[in-house]
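Two complexes are shown next, each including chain A; its partner changes from chain B in the first to chain C in the second.
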Partner chain A sequence: MAINEKKLEELLNQYPTKVKRNRKKHLIIKDSSLAHQEIEANTRTIPGIITNRGCAFAGCKGVVLGPLKDMVHIVHGPIGCAYYTWGTRRNKAKSDDPTKNFINYCVSSDMQESDIVFGGEKKLARLIDEVMDIFQPNAITISATCPVGLIGDDLQAVAKAAQEKHGVEIMAFNCEGYKGVSQSAGHHIANNILMERVIGQGDWEEAPGKYPINILGEYNIGGDSWEVERILEEIGYTVVSVMTGDGSYEELKNAHVAELNLVQCHRSINYIAEMLETKYGTPWLKVNFIGVQSTIETLRNMALYFNDPALTQKTEEVIAKELARTEPIIEQYKKICEGKTAFCFVGGSRGHHYQGLFAELGIETVLAGYEFAHRDDYEGRDIIPEIKLDADTKNIPEIHVSPDERRFRLKLSPERLAEMKKKIPLSNYQGMNIEMKDGTIIVDDLNHFETEEFIKLLQPDIFSSGIKDKYVVQKMGIPSKQLHSYDYSGPYAGFNGAVKFAEDIAMSFATPTWNFITPPWKNKPLLEGTIVEGGCSVC
Partner chain B sequence: MLNCTPKELKERTGGVINPAKTCQPLGAMYAALGIHGCLPHSHGSQGCCSYHRMHLTRHFREPIMASTSSFTEGASVFGGGANLKTAIKNVFTIYNPEIMAVHTTCLSETIGDDLPTIIRTAEIPEGKVVIHANTPSYQGSHITGFSNMTKGMVNYLAEATTETKKEQVNIIPGFVNPGDMREIKRILKIMGIKTILFPDTSGVVDSPMTGEYAMYPRGGTQLKDLVDTGNSKLTVALGSYASADAANQLERKCQVPAVVLRTPIGVKATDQLLMTLINKFTVDIPVELEEERGQLVDIMTDTHFHFHGKKVAIFGDPDIMLAMTEFVLSLGMKPIHVLTGTPGSGGALGTALGNFEKEIQELLQEAGVPGKVKAGGDLFDLHQWIKNEPVDLLIGNTYGKYIARAEDIPFVRLGFPILDRSVHSYLPVVSYKGAMRLIEMISNALLDRADRDAKDEDFELVM
Partner chain C sequence: MSRKATNFRDVNENPCNMCMPMGGILALKGLENSMVILHGSQGCATYMRRHIAEHFNEPIDVASSSLNEKGTVYGGEKNLKQGLDNMIKAYRPGVIGILTTCLADTIGEDIDRISQDYLVERGYTDLPVVTVNSPGYGGTHAEGYWLTLRRIVEKLARKTEPHTGINIFVPNISPADIREIKRWLELMQVSYTLLPDFSDTLDRPYQRPYRKMPEGGTPLADIAAMGGAAATLQLGVTLEDSMSPGRFLETEFGVPLYNLPLPMGVTNTDLFFNQLTEITGKKLPAELQQERGRLLDCMIDSHKYNGAGRSVIFGEPENIYAVTRTCLENGIYPVVIATGSKNPQLVTLLEDLLTHSPVRCTVLTEADFATIRVLSRGKANLAIGSSDGRYLSEREDIPLVRYGFPIHDRTGGQRLLSVGYRGTTYFLDQLTNTLLENKHKHYRKSIYQAFYLGINKTLDSAESGGEQHVL
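On to the complex of A and B.
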């Protein structure tokens, strides 16, 4: 049963009037005959609606900073915020020096009532001293939580004093949970300070190898970035840094030497990507390593950019080799998945990226959306000039960088750059909507009510989102795949990731457990018939 | 694993590293789920609510529903009254619960939102109820939050309406799993005592797969029963940290006498529960329960050589730790490190509830076991203690697995949260039955290790 405007209206009519008016703008039925379909996004959450969204602290500390392994990430606040970001996002990290890998630690100033009343600055300063004494990290971040902004603790001052005392970079992030309307504000806050205080602080003037690149907006969930790096390194690229999966302060410092920045998650890192281009003249390429075809397209786009026949040839060799190895396996799983439909509702980028991988398995995405993406992630970057900042987000600082006097260098001539921009998504992202099929539905900030309603209307075969709705959907007898945590599996990126994903999705359809939901006494007649053929079978 | 943790101990006063607690609202949300037809509501910015739902859902592998006021910066400065009123209207219109149970976060507590006033002036549909508890994250722990929300149920709902108290008992089970709550109800049923267990998350966070999703599952304490708690003859609070406040409040408000007991883990604490009940209600101990107790003691005798004299480190929530320390001592084990992240006394918990460190030390001294005890400690402390004085077994929640791996210690998962194993929330650790299960878990951990470490010639068939 496809959705149409009438059905959508019926659904919305169940809301109170004000809620209906609001939600209507966050829902689109894709119609390519229209010149442009606008969606409202990145606006405040409706109180009581049961959103899936988190907060700015989660976006800053939980997403962007947390994966940086050689830094200690201090959370200044009561215990919860630190506790819930301890090991819950699966940003894997390994280190040659295990005494400089703090990924399994959770450090909090554990504010008490007295800290709220008298201020927590002194306690925070003591904590920094203790962290330096125990861990000697390469750098420290301090993330603010809700009450910090209210009581007026001056984190920047505490960080500055501590930095002078200890001689390592100590950065404070004012990512109080109430800033902005979602995780997105936190990404921006983290981007700003990493750009100002870390990137470009290293003394490299040249990359240590050929075709140097950075991978931006890749958090190594379940080992994704390791699989991407495996492929890139085999082709011959030099990965200077990953932001920030398995990343480190030491790597990020020298990120300025790359010739190209790859952007996987546009939402969380496009700020740094833009600033790198302004400051160092390095263009960025929108990439997608989720799905075999997207990975291949990305690799070919990269080869076009570097424009070196040897690299192009090696790219095609690696693609051919990987395809030969992985295609037959995926083909097997496809037999189980073919013809099914999916919902794909994830954070700020995967809602788009996984649609291609689903399609490779023969699964059509009938509903997709994001928790906290902005209009450009839906409609493409061309609409950025039209986006008006509302009262809830205009307090998020915008920083502006200028070309680095010494290090700015155009990586491509303006003519070549213009030519490239026509061929590949260089410093551009077209957004999710353009790839959606007509009649599918696009939802921003999907809530629990709509989840249930859309499932009733569209009856998807698989629902991919996060942990909070996983068990809701599963209770309905519908397979549910977490596309944040990968249900503790992965990697899902690259060629090996596509195989793993296919295996996991096929398993979620094929498990015999679905057959047991209805007890036999509910679907069989209660009275056994008395017709016995050929006498009694137990005699 | 945890290679950055040094052996050398130094005093720390700046905060915690690797906490053994989380914050109040999570406990309040869990308690509110123990009311039938209730939607918990988090009055703060939405990050808290998502985190608390996420954490509970990972422990139970069940849907955890809650709504939030979704504060923005404006509300954080000028107050969240409008957000809560909008939320109340939206929740009842869209999700139609019987009751909303509102808790707060460090945000709304710091700005000082006046919840009773906001709720009083909110649009609440006829026949629907909104209750609240203040749960500032900068006091106590998730256990304090559980306690505060349970107390909120008494404040708003309990009523003394009968002249004489009814032959029924209120039981506040504390922050335990639905499997434990079911077990407590089973015992009371066998004893033939009418019981109001509150909060009761059985049938809510252990609901069956039917192919249909129910936003408000069958379980949870019924609203009318929560009202009727004021008419009971006795309230038994299991676990002083999680349950005593509510029981005492019920005594003040409705003159229902309160008895505070240990969480009934192990033979002694379970005995105490049964003795309390037969003293107040004219019932005998049924033969089934006597048989279960006998079976437990039989098992303890049969297997004592598996664990006697073994050194144990235990960490977790205070009520569970007190009971568990007593239980492992009764098995002849030596709990040399006992730690909880929840502050031991003072603050919101009130010194009247006792002192964690003192109570554990008394248990250890009575058994002649020298041990380290800490309330308000963290897992960095515990790991350092273990480095300095190794143990044969570690008991605690999932976060202990890092220490267990770093130090190669057999590990038994107990308490909240357990994020890396399933089934645990369905089966009890309380009562004689639960104690049997704990012995099985402890024996298995120790004997699996003995098998793993044995040389071929020492590998035993019978153990």
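On to the complex of A and C.
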């Protein structure tokens, strides 16, 4: 069912005038006949609107730092923030050295009222000593929560002193929750410090194998990264590091030796991708390992980049083998899913990535959007120069890197780079909007009110988002798929992931559970009677 | 019993508690037609909604004033008022709870003043607003829960004509538990006001069409009448007066307060019904007497298995006190009892309770799981508490019976029934069956070790445990 401007206007008219004016700019009905459709994104959340967005701390500690397994991630602040980021994202990690995998630990300074009054620096310093003693990690991160910045604890100074004392890298992140407008600010803060303090600190000058790559913006939710690595390694790539799913400090240190950086989640990691290009001359490729076709396209783009007939041949062999194995299974599930519609509202990249996978199952995405993306994630990177920097963005420090004197090396000649850029998304991202069909809805920072209204208008068959709206949607009798943490399932990336996803989605539709919603007595008329010829016998 | 009232380390490794506003939200969700707004960064609301939703499998709508850097400098008044505007427009709540977070309290936001101004400015003369200062560093979610209940009563209870109804304040128990307590009161035809009643709001039946505001919750008019009640039964023996809603009703309106433990186990449930019959003059219905008989029958049937149980119990003070008593009644002697709260009252109460336990037990307040784990190692064969105790099973091979909040790795936390004679029976069966399953899982290995290798490995129990452990 299509939705027109009038319907959209009616929906927005339910808002107070000021809110309506604001929200209108975050909503688009896709129309390719227009030269360009602008969407507002990465601006302040309207208070009281029941957003799905989180905070800078969530983006920094929760998303980017959390998955790094050989580091201990200290949360400096009262207990809540540490507790709420304890294992909730389902970013999996395994380690050859079981004494160097701290992924299941939650470490906090648990600040009390007296720490707020007198400052928490001394407690933090003692805590770092204890952490070194208990865990002997390869490195430590310290993430700040709201009160830390307000009371003026100097995290950087504490970290510096501790680093001198213990001789391991100890990094402080000033990612207080009130910074920026969403998780996005925290991604940026984390990217900056990882680039400054970790990446390139290793002593490798050469990669340990052929076709060395880094996978950026892959967080190994439900084992996604493991499936992607399986495919890449079978083709013959050397995965130097993953940022940051199942990643480690030790791997990240040597990430500079890669010949190509793959960017899965553009939003959370594009800063590092860009800086790697400036500093080491390594271009990045926008990839998408969600969906069979996207995975194949990505693999072919990578082969084009490396331009080696043996690699291209192996790529095609693996694609053919995987297709032969997975296609017939997906085909079966497709029969159940065909013709259905979906909403796809997730974080900062999956709102886009999952549309292809849905399409492969015959499911059309009628509404999509991101929680915390910027305009370039919708409209493509070409509009970056047009984006006005507001105060919230300016408060997040920008770092500037310059070419590394020793290690900078152009991986492709300028001519070949220019040629490649025409063929594959090299150091470029076209955004989500371009791939959406006319008449579909694109919405930034969808809230609970709009969720309900759009469901009433468009009646999707499945709603994919996170746990906060999952139960609203299920109470409306519509299956939901958590695309943040996959409802305890996964992986959904690569070939095996596509099969798993198809199975899960088909199960959502085919489960007998939905058959019982209407009780039998609701199907029967309330009064029973027969019509007797010749009228009423009583009167 | 040996006490460990404080954690000697600065690091909190794997926390055993959440923060204050978390408990505040739960309490406010038990009010009819209520909405909650957190004054602070939006991440707080997002995180807590996420965690509550995962436990109850229910929509959890909590607004945020979404303060940002500007707000931290110039104050968050504008954001809070705007947040209230938008929330009221979308939800039309009958009562609003405003909870502060670390951010709002650290910059010293006066939510009382702001909310009063707001109501006057907008002309909402009839809209009750409950404000609670609940910074994350002010206490755990357990304290947030009780303090919010006290603030609700302070704000909404009135001096009214005396009536025969009784007030009941319950700790953070499951919706199924609340429904059970209501069943008894209805069976006994006692008129009551139970706060907070999230038995429907956090465990809604599937119904069409979907309503943004769930039905149920304690009616505001009933809370207003609490001041005239015949008595208050407060299931909160571990409470400080400053957080006790019952104490407030007593000092303010002269409603007699009876502080009782959560009715889990025979003794606690007997205490509850004894008090109730004494106050109301009504008799214990035959149906409940039957249930008591069945619980005793269950206890006798299972005692030979339970006798091998050594438990580690963790969670909120009120709940663990009741669980401890239940364990003691059945010979599942505790070796570690732990809470994330600071609660000297609890330690004193447990000291009394544990006097006659043949097994030495360590009581930890302000505990973390790292400490609990070390102290339980080789001493316990049964863990009872929230799903965060799963590491005790995974790493120490101590099976976990999930009880309390939150339960994130299993479904049905909202349906766990553990109060009263009937609830205790269910709960006890779970404990016993977990012990049996564990025994069955290991018996080949233990027999092999005992008879072929000559290693007689039993739990260290009476003779050791509880001494000062090096962490």
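Just so it is clear, the second predicted complex is superposed on the first by the 524 of 539 C-alpha atoms of A that agree within 3 Å, B and C clash if a C-alpha of one lies under 4 Å from a C-alpha of the other, contacts with A are read in each partner's own complex, and residues count from 1 in each chain.
Methods note: a residue touches a chain if its C-beta (ideal position, glycine included) is under 8 Å from a C-beta of that chain, and two chains touch if they have at least 3 such contacts.
The structure presented is a predicted model; accordingly, all values stated were derived computationally and were not measured.
Superposition of the two structures on chain A leads chain B and chain C into a clash. Of the two partner chains, chain B and chain C are each touched by A:I49.
Of the two partner chains, both chain B and chain C are touched by A:H448. When both complexes are overlaid on chain A, the residue A:V318 reaches neither chain B nor chain C. Contacts of A:S109 after superposition: both chain B and chain C are touched. With both structures placed on the common chain, the touch criterion links A:T99 to chain B but leaves chain C unconnected. Applying the stated contact rule after C-alpha superposition, one finds that A:P16 touches each of chain B and chain C.
With the contact threshold set out at the top, residues 15-16, 19, 44-58, 77-84, 86, 88, 104-113, 115-116, 123, 126-127, 130-131, 134, 145-147, 149-151, 176-181, 391-392, 395, 448-449, 452, 467-472, 475-477, 517 of chain A are in contact with chain B in one structure and with chain C in the other. Remark: chain C residues 9-15, 17-19, 21-22, 37, 40-44, 46-51, 53-54, 57-72, 79-80, 82-87, 89-90, 101-103, 106-107, 135-138, 140, 204, 206-210, 212, 340, 388, 391 touch chain A in the complex. Listing the residues of chain A that touch chain B in their complex gives 14-16, 19, 44-58, 74, 77-84, 86-88, 98-102, 104-113, 115-116, 123-131, 133-135, 145-147, 149-151, 176-181, 391-392, 395, 448-449, 452, 467-477, 517-518. Partner chain A is touched in their complex by these residues of chain B: 1-4, 6, 10, 12-19, 21-23, 25-26, 41, 44-48, 50-55, 57-58, 61-76, 83-84, 86-91, 93-95, 105-107, 109-111, 136-139, 141, 207, 209-214, 341, 347, 399, 402. Across the complex, chain C is touched by residues 15-16, 19, 44-58, 77-86, 88, 104-113, 115-116, 123, 126-127, 130-131, 134, 145-147, 149-151, 176-182, 391-392, 395, 448-449, 452, 466-472, 475-477, 517 of chain A.
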